[in-house]
Amino acid sequence: MTPLLSVRNLDVSYPVGGLMAKLRGADQLQIVAGVSFDLARGETMALVGESGSGKTTLARAIAGLGGLVSGEIRFDGAPLNTSGRQIRRDIAFIFQDAVSSLSPRLTVRALLREPFAIHGIQYPEGEVERLLRLVGLPATIAERRPHELSGGQARRVGVARALALKPRLVIADEPTAGLDVSVQSEVLNLLNDLRTRLGLSLLIITHNLNIVRHIADRMAIMYLGRFVETGDTAPVFAHPHHPYTAALLSANPIIDPEARKTRLYLKGEVPGLVRRPKGCEFHSRCPFVQDLCRSTPPSLREDGPVSYTCHFPMEASVNA
Amino acid sequence: MTVKEMTGVSRRGFIASSLALGAAGLALRGHPALAQVSTEGGRLRARLYADISNLDPAFWTSGSDALVMECIFAFAMQFETGTSEFNALPLALKALNVIDDTHIGFELNEGILYSGEYGEMTAEDAKFSWERIADPAVQSPYAADWAQLDHVEVTGRYSGTIVLKSPFAPLFTTTLPATSGIILPKAAIEAAGGQFSTEPPVTSGPYRIREWQPRTRVVLEKNPDFKLFDVVFDELVLIPIEDPKTAELGFEAGDLDHAQTSISSIPRFAAAAPNGGRFDEFTALNYYWLGMNEANADLTDQKVRRAIQHGIARDAVVEAAYLGAASPAAGIIAPGLAGHRAENTYNYDPDLARSLLAEAGVPDLNVTLSIQQTAEDLAAAQIIQALLADIGVTVQIDQYESGSFWSLGIEADGDQWKSLQLFLFSFTMQPDPSWATAWFTSEQVGVWNWQRFSNEEFDRLNQEASTELDTEKRGAMYIRMQELMEESGDFVFLTFEPIGTLTAAGVMPAMRPDGWPILSRFTKA
Amino acid sequence: MSLDASDPVLTVSGLTLSYDIPAGELKALRDVNLSIGKGEIVGLVGESGSGKSTLMQAILGLLPGAAQIRSGSIRFEGQDLTGLSARQMRGLLGDRISVVFQDPMTALNPVLTIGRQMIDIQHRSKLSRREKRARAIEMLARVRIPDPESRIDRYPHEFSGGMRQRVAIAMALMAKPALLVADEPTTALDATLEIATIDLLRELQSEIGCAVLFITHHLGVVAELCDRIDIMYAGEIVESGATGAVFQDPRHPYTQLLFGCDPAQIAEPMRHLPSIGGNLPDLTAPLPGCIFASRCPRADETCTTGHPADHKAGQSDLVRCHYPLAPRLEISA
Amino acid sequence: MLSYLARRILLSVAVVLTVIAALFAMMHAIPGDAVRTALGPRASEAMVEAYRVKMGLDQPVLVQIWRFFSTILQGDLGSDAISGVPVARIILAQLPDTLYLVAGAMVVAVVPGIWLGVMSATHRGSLFDRVTSVLSVSVMAVPSFVIAIYLLLIFAIHLSWFPAIGAGEGFADRLHRLVLPSVALGLAWIGYIARILRASMLEVMGENHIRTARAFGLSERRIMFDYVLRIALLPTITVLGMGIGQMLSGAVFAEIVFGRPGIGKLVYDSIAARNYPIVVGTLLVTTGFFVLVNLIADLLIAFLDPRVRNVVSR
Amino acid sequence: MSSAVDPATAAVVKKPRKARGAMRRLVSDPLGALGLGLIVVTVLAALAAGLLPHDPVKLNPMVRFAAPGAEHWLGTDNLGRDLFTRMLYGARIALVISIGATVASLLVGLLFGVLAGFGPRWLDSILLLLMDAMKSVPTVMLALVLITWTGPSLWAVVLVVVLVNGPTYARIVRTQVLALRNAEFIEAERALGAGFLRVASLHVVPNIIGPLLILAAMDIPIVVGIEAGLSFLGLGVRPPTPSWGTILFDGFSYIRDSIWMVVAGGLPIVITALGFTFLGEALRDTFDPKLAKR
């Protein structure tokens, strides 16, 4: 069976600077580089990385929301037309900032009817109530405006809007950012429930590894716009191959002072995208860097359900 | 002395005197606050109606120029002040000797010194200066002032003879006592490159220029070498102020020692001059009228023009514009002069006006009324606008700065004359009726005859009247001429304009009968 | 008043505070008790709207005009801060009490160099400008700012977020204060930076020996860094105790539920995560009973009518619950 | 900083060029003879012919544009239609008096404006603040020529405290005569400055770094002047930049009412005289001045605010 | 052109508030109430102008400079016209011009601002340069040059206002559009497939128009000032149409003969200006306090 989404060698750049930059030929900044992955139907995949790793850019490019894209994106086996209208129905995007992703002057009802209006679809009677019920909101909320909603409610409305046109892929950008712990579970549970009930595929962008562990089938770790490690969630957590993955996993604060001792620390700061390091792009921060890393980019390696790009992968025991 | 020969007056000359007499003013006296500090004789601050633009006797342009030239150059002759008669007296000249109609001998005063290295004024200088203006090659706009000059013969260091091609009466009334009589040394003019503008290479008058700040002030200081008459004030500060109302404010605030007022303020100042100063009013000679350009397509029909004549209640216009300072006129020749008309041939009659318009087939006429940018013209224009609205004529008022206004009807200045329709105009006068009518002959069409009024009988009468010696007959001729003007429909005679001047306490003005100040002769009261 | 080593640096007792808002009186803090011992790191944990920022502002004397302290005291080194004049409070701030704020992007003056700001805050010192500058450089080096001699003349926007936060820490600790208040200093940082910053803070704290009040909503950070933990909910401190003890054996239902729904605290991967239902109570008109009653699965009539007292329970020093000794709640998703 | 400088200067040049281009387009768009449009009806035939040759009006439009630009950029603004004197010289002669007036108006505006702004921001909500706000808004609303006439009526005519007309000579006299026109021109800007300063001070006072400064026990005085005002003044500088440029042309009213020489009066007289070269020349000079002042203001802001230098404008 | 503060960004997307409560708050603000009162007076004056017994252009030189009295409430001018009547008719001119010109400027600003904000970058750059160029010509100069060529008329005044205020509004709109263009809710609409027209009309303009209207209300006194100023210079409305500016100029000319003309021309300018400014300030404070930095 073909995967629902199949991405091959995807590059995403953004135009930068003005005339001078154009003359220097430096008018584009490559943010995502050479990304390939598949997403199966009904599967949840998490894109993980720190700020500036390019995870949001990648997701937006897939949803056709910007960036100069090269490479191949296939949706349901066919090349994806990122500027067409069909993609808007097939792929739904849930934005990070729930409240500000709702047009401030419209009521919830109007917001929920919009997808139908946009696509010229006859609005099914009672659909607003149905959608609200679907995301666990009372029908009375339909007459409110975005600023009258709580963060959790706004996020649910966002989800309801995303689901209105029965998409097949939902991309959620940091769906729990800014939410309290007690609320974030509700949102994650909702997404998960919908995934199972509606047979959606989910692409979740997050920097929070703790939620990834619970909800994602597969995960991809991004660094400077590249996938440094991809694979099924459990094996990656159990045995990170890439030092960056290991560092991220160990950066989880814990109560046990003993466990802290095995923590992996990274050197320095994330280098700018303008000056990508040579060789392995992670070498400037890698605690285990060797000469080879500085000169030669590592190729993709596989270890069972996990693939990674590192010359000298971590031993299985390190993060035990 | 009256002028017999009018053709010699140039347009530029006319502009100049019109401006000067119509608007300029000036004063003298040390102002307590500032003036006496520096100079013993004090300082006199007077208004110029505009900034100076050219002080070359052959090329000057405005009355302000003339006023300043009269201070910095020793004129050949100068009009007497403080009298009611025009009387030109020799100044640089010591004597004039009319040998015959075409030979006039002259003798210069000795010891008139030029500034700089140019020494004493001589008969050679007179020859050079006068022949220069007359020389067609120089292209002086004032060449007509010396139109009949053949040449000047130098007979001695200080004496010579003016040789005319034919008799030329204006020589004594408009040429020698005015700017065209100014005598300048050849060397200086040549050093300046043949002509100059605002920086005279040489001066010879009671004052010389100390400082000129464009549009701000001209400061003149006393010339110690000048001996022809006693000069009282050490310093003249001439401030260009175009708007007479502003000048009045300046005078009242103590910023000016002498200024000409607006006509509408005359009654107020006549009742009480501000700051203990004096107010003088000069005889109303200058005439003010509404002209219509009969060459304009909308106005070619005489019925239309006559309708407009009948639609204007002149008393209302005059009253509104001058706030009671003047009365309506029936013509262009002031009371007391031969040819003065007491009454018009028509009266204000809006009904007749309307029927005339209907006959002409223009029940809703739109015309523009061009005026100068003064409160008085604006008031008069608005009254006219209202009156004409009453007979179904819509008037749009266009305001112009004085300079540009005066080129509106002149063919040499472009095609604007074609679109000119109605205009409010005033001309200056000398006390002779020939001054008034000279501008409306066929020859003057496109020059000063903006109405483009052209009438054979008028032209003939104008010619005959200038040689007619019988005052009564002559008067009748001029009355007939005004009738002809009126019948053409081109003219609505409005009024004769008085001139008022304000002079600060402690200053004794020196004024010609027409209200023109001779600043160098101002004294302390 | 004499101080001995066992005296806490800061004692908040019975602090009740409200805001005057158009809708009435918002009771932001109610009978808050908190104490921080010398050299102790105390974590103050609470979700949005729990009042932890208000408490911080009250301690620092930086309350907005609409806030009114109704009762209670904040004693710092024997002085009641609530009674101090603005001038007296200024005398303490930046000297005996320092702060690190949450947002490193806006907490520094954008138009002054780092050096200028670090020199300015030494306004009490009699040192020369040059010496102050030297101290600032030294301090920057201590927080591992590379090349501090030249960096000191840079403007805040020329630093990365992590570095800015380290600069803020350097500034806060320069005067060797007795108490450092850290208001979510790592929230805006990425995980790897967060850990590094926490390590740095711990290191500097142990050198200087100051007490730290660390405000956060991140349970893991408290576990990592703090000696003691105070849990805040809706304007009240509901549980307080040694970190290890509270994490191991939380006694207040809210604490239990909170820990229960933190994915980091759940060892086994589970698709369906637990959550706490319901909403925060309306603080303009709180019900007479327990503040958590409306969301508590164990609440009975006692809880909705009577306000619970503070109890010692289990290993926790303070549990504001009518049933502090009840068995642990079963967390189910 | 250098690139900001370069970009900002480039922009100013582009703006000036655009204005010149717009002027060219307008003159050619207006029906009728472009030369007459450029020179006005009073130009003599000789001048018209000279201009025709100079601008090459028989040449292709591109050549005309090039000549139009190059003559203007060489500082040649044409010649007065009446006297033939170069327009640039006429304008430059009038500029000083107007600049004195603008300087006077700036003093009138800035000193009380800043004081009121600071005082009302630091005493927010007080009676003083309320009164100041109402007054600021009130003076902003009233056009300067209305103020000018009332000042003239009251202080020059009725009370005779100040001279009514002219620019005067000598320092004391000039200063004395500058008072009323400066007040007329500057009064409204007191309000603008006070209001903008108050607003931006309040905004800065609410920023986190001020809280940081407070948390380090810095004195209020120091916080106000070193931390708040330093940032809050930046928008005020922008406003002043705009203000100086607007005053330069707004001076026309004060100059007419108070009978002062200056470029405002010059341009007013030139309009009545249909002396287009002077009107257009003055437009170019004041625009150039305006652009220059705003450039200086922006560079000053960039100098004072390190953030601006790094902002890449879209 | 970048500057430290951009007023426009401050105005982007804020919470709409309930209109009725806002109106109450507006009127409870004493300044807002005063402003509203003054505007109501001005509007009533403009409406009542036709009811007066005198004709605003009817001349009667015989009763010039009459002092205020029962017949002429504010006296008469130099041509004997009733000043009170002229003053009220002046209100008509002032209101019609200022509101008409402001609406025209708003439309122009909205059109070009949206074009620049949404259009391709080159179009934005060109429009931006044009806006900056327009704004770099000092207002009075622009007016003077324009009127030298067009000749004085009401339309010229409107044109001046559009050229002066239009680019300002366009710039504000553009900045807001740019800010909104990348706002999450716009992204969200686009992610749903909404087209340009839908996004612009349904989501962008409604979020921009509020603050823009407030700014425009606050600009009205400036427009009144421009009209009166140009008429004062003889470059606005033509005589005999009564404009406050022409009344004031007549008053200035005859300031020694009667002060009532200066009062009749100046006072209503002051009143209207204060009215609109107070109301504008109150509107802004009520709906959009962030605009204060403009």
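A, B, C, D and E are the chain letters, set down in written order, and residue numbers restart from 1 in every chain.
What we mean here is this: contacts are C-beta pairs under 8 Å (C-beta built on N, C-alpha and C of every residue); 3 or more make two chains touch, one makes a residue touch a chain.
Not measured: the values here are computed from a predicted model.
*Asks:* Between subunit A and subunit D, which partner chains are common?
*Replies:* In this structure, the chains that contact subunit D and also subunit A are C, E.
*Asks:* Compute the shortest path length in steps from subunit B to subunit C over the network of touching chains.
*Replies:* Graph distance in the chain contact network comes out at 2.
*Asks:* Determine, using the mean of C-alpha atoms as each chain's centre, which chain is farthest from subunit A.
*Replies:* Of all chains, B has its centre farthest from that of subunit A.
*Asks:* Going by C-alpha centres, which chain is most central here?
*Replies:* D
*Asks:* If you average the CA atoms of subunit B and of subunit D, how many Å lie between those two points?
*Replies:* Here subunit B and subunit D have centroids separated by 41 Å.
*Asks:* Compute the distance, rounded to whole Å, between the mean C-alpha positions of subunit C and subunit E.
*Replies:* Roughly 52 Å, centre to centre.
*Asks:* Per the centroid of Cα atoms for each chain, what is the distance between subunit A and subunit C, given in Å?
*Replies:* Once rounded, the distance between the two centres reads 32 Å.
*Asks:* Counting only Cα atoms for the centres, state how far subunit B is from subunit E in Å.
*Replies:* Each chain's C-alpha centroid was found; their separation is 47 Å.
*Asks:* Which residues belonging to subunit E are in contact with no fewer than two other chains?
*Replies:* 234, 252, 255-256
*Asks:* Among all residues of subunit A, which ones touch two or more of the remaining chains?
*Replies:* Within subunit A, no residue touches at least two other chains.
*Asks:* Mind pulling the subunit C residues that touch 2 or more other chains?
*Replies:* In subunit C, nothing touches at least two other chains.
*Asks:* Which subunit D residues qualify as touching subunit B in the complex?
*Replies:* 36, 41-42, 44, 82-83, 90, 93-94, 97, 152, 156-157, 160, 163-167, 169-170, 173, 259, 261, 265-266, 269, 271-275
*Asks:* Using the touch rule from the top, collect the residues of subunit B that touch subunit D in their complex.
*Replies:* Residues of subunit B touching subunit D: 34, 53-54, 197, 213-217, 239, 241-243, 246, 249-250, 252-255, 373, 399-401, 403-404, 407, 413-414, 416.
*Asks:* Within their complex, state which residues of subunit E touch subunit B.
*Replies:* Touch list, subunit E to subunit B: 57-59, 61-62, 64, 78-80, 234, 238-240, 250, 252-257.
*Asks:* Taking the touch rule as given, give the residues of subunit E at its contact with subunit D in the complex, in rising order.
*Replies:* 1-5, 31, 124, 129-130, 132-133, 136-142, 144-145, 147-149, 178, 221, 224-225, 228-229, 232-235, 248, 251-252, 255-256, 259, 262, 266, 269-270, 273-274, 276-278, 281, 292-294
*Asks:* Would you tell me which residues of subunit E are touching subunit A in their complex?
*Replies:* Touch list, subunit E to subunit A: 13-16, 183-195, 198, 202-203, 206-207.
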